[in-house]
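Just so it is clear, A, B, C, D and E label the chains in written order, and each chain counts residues from 1 on its own.
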C-alpha cells in the first residue's frame, strides 16, 4: 500500500517512461510524415471528442479497478475481524478458558493469516509459520496444495475434539464453526480476486483507442507547425497513461508490488491482537514502512 | 476467461470484421452520395457531441456488463467456498470422521460443480460425473430436468440419514443444511444470470445511435474531400464497436466462449481441494490454458 | 422480458411515434418562426453542450432504472432459490419424508409463486391456484387483501402442527421458519419495487431539459436553411427519447408489459422443480415465447 | 412520495422561482455591465466545458441522492417484512396461537411503525398510538426520548415472559429475538439517514461552480447583443437548478414534505396486514392520495 | 460533520488559499512568459477537453470518497444498533433482568463507543471511560494496544460467567455472542477505513492533470491579452480544487476535523439510549453544535 503522497521520482519514471517514449516517437513520426505527405488537416473537434470518450472509459475503468482493490482490502478486514472473534470465542467458550488447546487455535490462526498472504503473493505458504504450529502439524499441512485450507481443517478437527471431550457445548461448536465458515469464505474471495484476470480485451481496446487518439491529435496539431507540438502532445497524453496504469495496478492487489494490499502488515496486526488476548508478551514489531509504501 | 493481453489477431478480426465492413460501406456510400446530391454541410459539433453521448452510454453499459460478469464470478467463488465448508463440516461433524458416507458427500459435491458448469453451458449435465456418484444415484438424478438440484436433494437425504443414525447431532444437521441452502442459492443465481437476457432494446437503440453518429460524421467530414476520410472514419468508429462487443460478451458469461467464466477450471480446483481433504491421491490435472484463454 | 434482438418494427413504432411527432412539429415551428422573426443566431456550442449534459443525466437514469430491473429479477431469483430450499427441507426434515403434509407445502409454495406474480400485475391473486391448494384453504386465503401473505401464514401454521406432532424437531422448525422469513422478505421487496414511484420530478425536469435542447438546436441549425434540417433534428433527438423510454420501462418491471420480469415463466419453473422433487409427472409446459418476449 | 407525473404548476413555481430570479438578475447585471465596461470577449468554449463539468457533478450528486432515497425506502420495506414475520412467528410459535399476548405484540408492532414514522418527521412519537397499546404501557414508553426503542424493549420483555411461562421454547425465543434485532437495526438505519447531513461543502461548491458558469456564459453570449440573451440564459440554467433541487429533496426523505418516503401510508399497510393476520375487521382506510403526492 | 450550509468564510479561505495562490502565480508566470517568448497559440479545444476529462475523474473520485464517508457512517450506525440490541438482550435474557451484571455490560458498551471513537482519532482510548468501568477493569484493558477489543473480551468473559451461573441459557449465550461478533466486525471496519490510505498515486496524477490543464488554459487564453485573464483563470480552476479537497476530506472521516463522522455525538446518543433502558436519570447533555459542525 502506498502511504506517502510524495512518491519518489525514480518510481514514477519507471512507471511511465515506456509510454512516454512511445508517445514521443509517435509524435515525431507524425510530425515529419505530415510534412512529407500531402495529408489533409483533421479538425481539432475529432481528437478532442475522442479524448473525452477515452477519459470516460478510463474513469469507469478506474472505478472498477478501485472496487476490486477495495474489495480485496475488505476481505482482509474481514479476516482480521473473524480472527479476533474466533479467539474471543475459543477463550470464552472453552471450559478451561486459556489452555493449551485454545492457545494452539489462536497461534494457528496467526499462521493462517501469514500463510494466506504469502500464498497469494506466490511465495512459500509455509515459510515463517514454524513458530506458530507444531512441527507435526506443519508436516501434515505442507502436503496440501492449499495450505490455508489445510489449516482450517486442523481448526475444524480441534473443534470436533473440543465437543467430544465436553469442552464446548453443541451450540458453541456451531457458533465457532460459523466463524470458520466465514474465514473459508474470505480466503476464497481473496483467491477469486487473485485468479480472475480483469477482462483483457477491455484493456486492449482502450489502448487501441488511446493510440488512435494520439495519432489524430498529432495530425490535428500539425498546423501549429513547430517543435512545441511534441512536448505538448506528451504532456497531454501522459496523464491518460498514468491513470490507466494506476487502474491496472489497483486491479491486481496481490502481486508483491508496492501498490499491494498490505497483507504482511495486516497479518502482523492479527498476530499482535491474538497474542495480547492470550496475555503473551512476545509481540512482533509492526511491519516497517518502506521508502514510500508498506507491504 | 481471457488470460493473455496479447489476443491473437485472428480472434480479434473475427471479433470486428463485420462491423468494420458495415462502417466501410456506409462511409463509401456517404462519400459518393454527398458529392452527387446537393447536401448541406453539417457542422462538426453535431457528430462530436453525439460521439460523447455514445461513449457515455457505452461506458455505462460496460459497467453494467462488467458487473454481471463479476457477479457470475462471485457466484462461482461462493460455490468454491461452500463446497470446501461442506466437506470440512461433513468430515469433522460426522462421528466417524472420514468414512464411506462423508466420502460420498465430498465426491457428489465435486459432481455438483462439474454438472452445474456443464448445464449452464447447455451441455449434458451428467457427462463425466459417473466417476463421482454411484450408478444407481446417477440413474436417479438423470431423470431430473435440473440435475444439480437433484444432487442437492441427494445431499439432503444423506443428511437426514446421518441425523437418524446419530452420526451428527441436531444442531450439526442444521448447520450443514445451511451450507446446502447457500449452494442452492448460488446455483439459482448462476441460472438467473444465464436466463435473463440483457435488455435488448437498450442494445438496439445504442446501435441506432452509433449508426446515426457514423452517417453524420461522414457527412461532416465530407469537406475533407479526399479518400483519407474513409480509413479515418473506420478507425474512429471501430473502438466503439469493439467496446460494445466487449460489453455484449461480458454480460453473458456462460456461453461456451473464450470470454466465459472459467467454470471447468474452477470445478477442477474444487475437485482437487475436496480430494486432498479426503487424503486422496488421484488428483486431476488442472485445466490447461488454451491459446489465450482458459475454460 | 424481451428475448429477441430483432424487435418487431410495429412495436418500435408504437414506442416512439408520439415523441417523433412532437419533435417534428417543434422543428417545423422553429423552422418557420426563425424565418419570420428577427431572431439572433445561437452558437452551436450551446445546444451541443446541453446534449452532452442530457446524455449524462440519461446515462445515470438508465443506470438507476437498470438497477431496479435487475433488483426485481434478483428478488424473483431468490424466490426460486428459497422455494427449492423450502421443499428440500420439508421433504428431508419431516419424519415421514414425502407425505400428504409435505406435498401440501410444496404445492402451496407453487401457488405462492403464481399468486405473487399475478397480484404484482394487478390481476386476480387467486386465479389458477385452485389446483394447488384445497378448496377450504382457498376460501380462507381469498378473504385476505394480501393473498401471498395469507399463504405464508398457512405454511407457518402447518409448521406449528409439524412441530407439535413431532414430525420435525425444534431446530428444524426454526430452520424452515428462516426460509419462510426469507420468502416474506422477497415478497415485500417485490411489492416495494411495484409501489414506489420513481421520482417523477426527476423525469419531468429531464423532459424539460430535452425540449429546451431541441428548441435551441433547431435555432442553431437554422442557418443550414433547408428542409434537410427537419429529418436531421428528428434523427438526432430520437435516440434520446428512445433511451429515456427504455429507462422508464425498465424501472417498472411488474406492469404486464413485454418488458416485464418474466414472472409467469419463473413461476412455472418453480412448479416444475417442486413437482420433480415430489417425483410427480404432471409437469406444466414451459411458458411459450411470444412474438419477441416471454411473460 | 410524488405519485403523479403532472406536478401542479404552483408547486413547480415555488420550487424554482428563487433560482430563476437570481439568474434573471445576474444576466441583467452582466448584460448592462459588459456594455458599460471595456470587457474582453470570453470564448464560448469556456462556459460550455464548465456546463459539461457541472452536469457531470450534478449527475453524480443525483445518483448519490437517489441512493439515499432508495435506501430509506428499503429500510421501510424491511420494516414491513419484519413486522409481518414477527406476527407470523408470534402467532404460530406461541402455544396458544392467537391470544391476548400475541394480539398485544401485533398491535404494538403497528404502533412501532406509526411512532417511528412520526418521530422521523419530528412529530409527536406517541400521537395516535393510544389505540394500539395499553394506557399503562403508553405512560411507560412516553418517558423515553426514543419511543420506538422503548416499544422494542416492551416486545423483548413480553418475549422473556413467554419463555418463562413456557409459551415458546428456547429456540423460538431466539428466532423471534432475531426479528427484533432486525427491527432495531432498521430503526437505526432510518435515524442514520435522518441525522446525517449530506456533505454541505459539496453542495456549496457545486453552487459556486454553477454561478461562475452563469456569469461566464452571460459574458460569452454578450455578443448576441440583444435582450433575447436573458430568457435564453434563464432557460439554459434553470434545468441545472431544478435537478440540483431534486437531488437536495431526494437526499432528505424524512422531512414532512411531498417528496418524503410515504411513511404514513406504509405504516397503515402494516396495520392492515397485521390486523388481517389476527382476523380483525377494524381495518383503517388506506392513506389517501393528496393532490399529487402521498405521505 | 458539517451541519450548516453557510460555512464561515474563514474556514473556506483556509481551505483553498494555497491552491488559489499557486494558480495565481502560474497564470502570472504564463501571462508574462507567453509575451516574452515566441510561443504558438494553443487552440482552446485542447484545455477545454482536458477540463472535461478532469471533471470526469473528479466526479468519480468524489463518488468513491463519498462512499468511504458513507460507509464510515454506516459502520457507526451499526454500532448504535448493536449496542441497543446488546442491552435489550442482556436485560431481557438475564434471569434477574436489570441487575449489577447487566448494568455493568450496558455501561461497558457505552465505554466501548467512546473508546473506539477516541482511538480512531488517535486520542487516548481510555480517557473519560473511568466513569463506565470499574477501576480494576480499567487497569486490565489499559495494558492492551487495542482497548476496544479488550473491552469486547471483558464482555465475552461476563457472558461466559452468565452461562456458567445459569443466568442465561445456552441459546441465549450464542445469540448475545452473535451481537458481540457484529460489534467486533464494525470495530474492524472502522479501523480498515482509518488505516487504508486512499491510492495516493491516483490523487497525485489527478493533480498533475489539473496543473497541465491550467498551464494550457493560460496559454490558450493568452490572446485575450489583458489582465482580466488572471482572475478568470483563478475562478475557473478554483472549483476543481475545492471539489478535489472536498473529496480528500470525505475519504478520511476519522481525523479529528470538522468534516469527521460525528463520533462523539453518536457515542453520547448510545450512552443516553442505554442509560434510559436502565431507567437511569444521569443522562449526558447531547454533544453541542460548534460554529458550523458537530464532532
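One rule holds in what follows: contacts are C-beta pairs under 8 Å (C-beta built on N, C-alpha and C of every residue); 3 or more make two chains touch, one makes a residue touch a chain.
Quantities reported herein were computed from a predicted structural model and do not represent experimental measurements.
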Exercise for the section: Give the chains in contact with both chain A and chain D, ordered by label. Expected result: E
Fill in the blank from the handout: In whole angstrom, the CA-centroid distance of chain A from chain E equals 23
Completion exercise
Expressed in whole Å, how far the mean CA point of chain C lies from that of chain E is 38
Practice task
Mark out which residues of chain A touch at least two other chains, giving numbers and ranges.
Solution key: 45, 48-49, 52, 56, 59-60, 63, 170-171, 174
Completion exercise
Following the ring of touching chains out of chain C and into chain D yields C, D, E, A, B
Handout entry: chain D - residues contacting chain C, complex
Key = 1-5, 7, 15, 44-45, 48-49, 51-52, 54-56, 58-60, 62-63, 66, 69, 73-74, 77-78, 80-81, 84-85, 88-89, 91-93, 97, 169-172, 174-175, 179, 224-226, 228, 232, 235-236, 238-239, 242-243, 246, 249-250, 259, 272-273, 276-277
Handout entry: Interface residues, chain A side, partner chain B - complex
Key = 39-43, 45-46, 48-50, 52-53, 56-57, 59-60, 63-64, 143-146, 149-150, 152-153, 156-157, 159-160, 170-171, 173-174, 177-178, 180-181, 184-185, 187-189, 191-192, 196-197, 199-206, 208-209, 212, 216
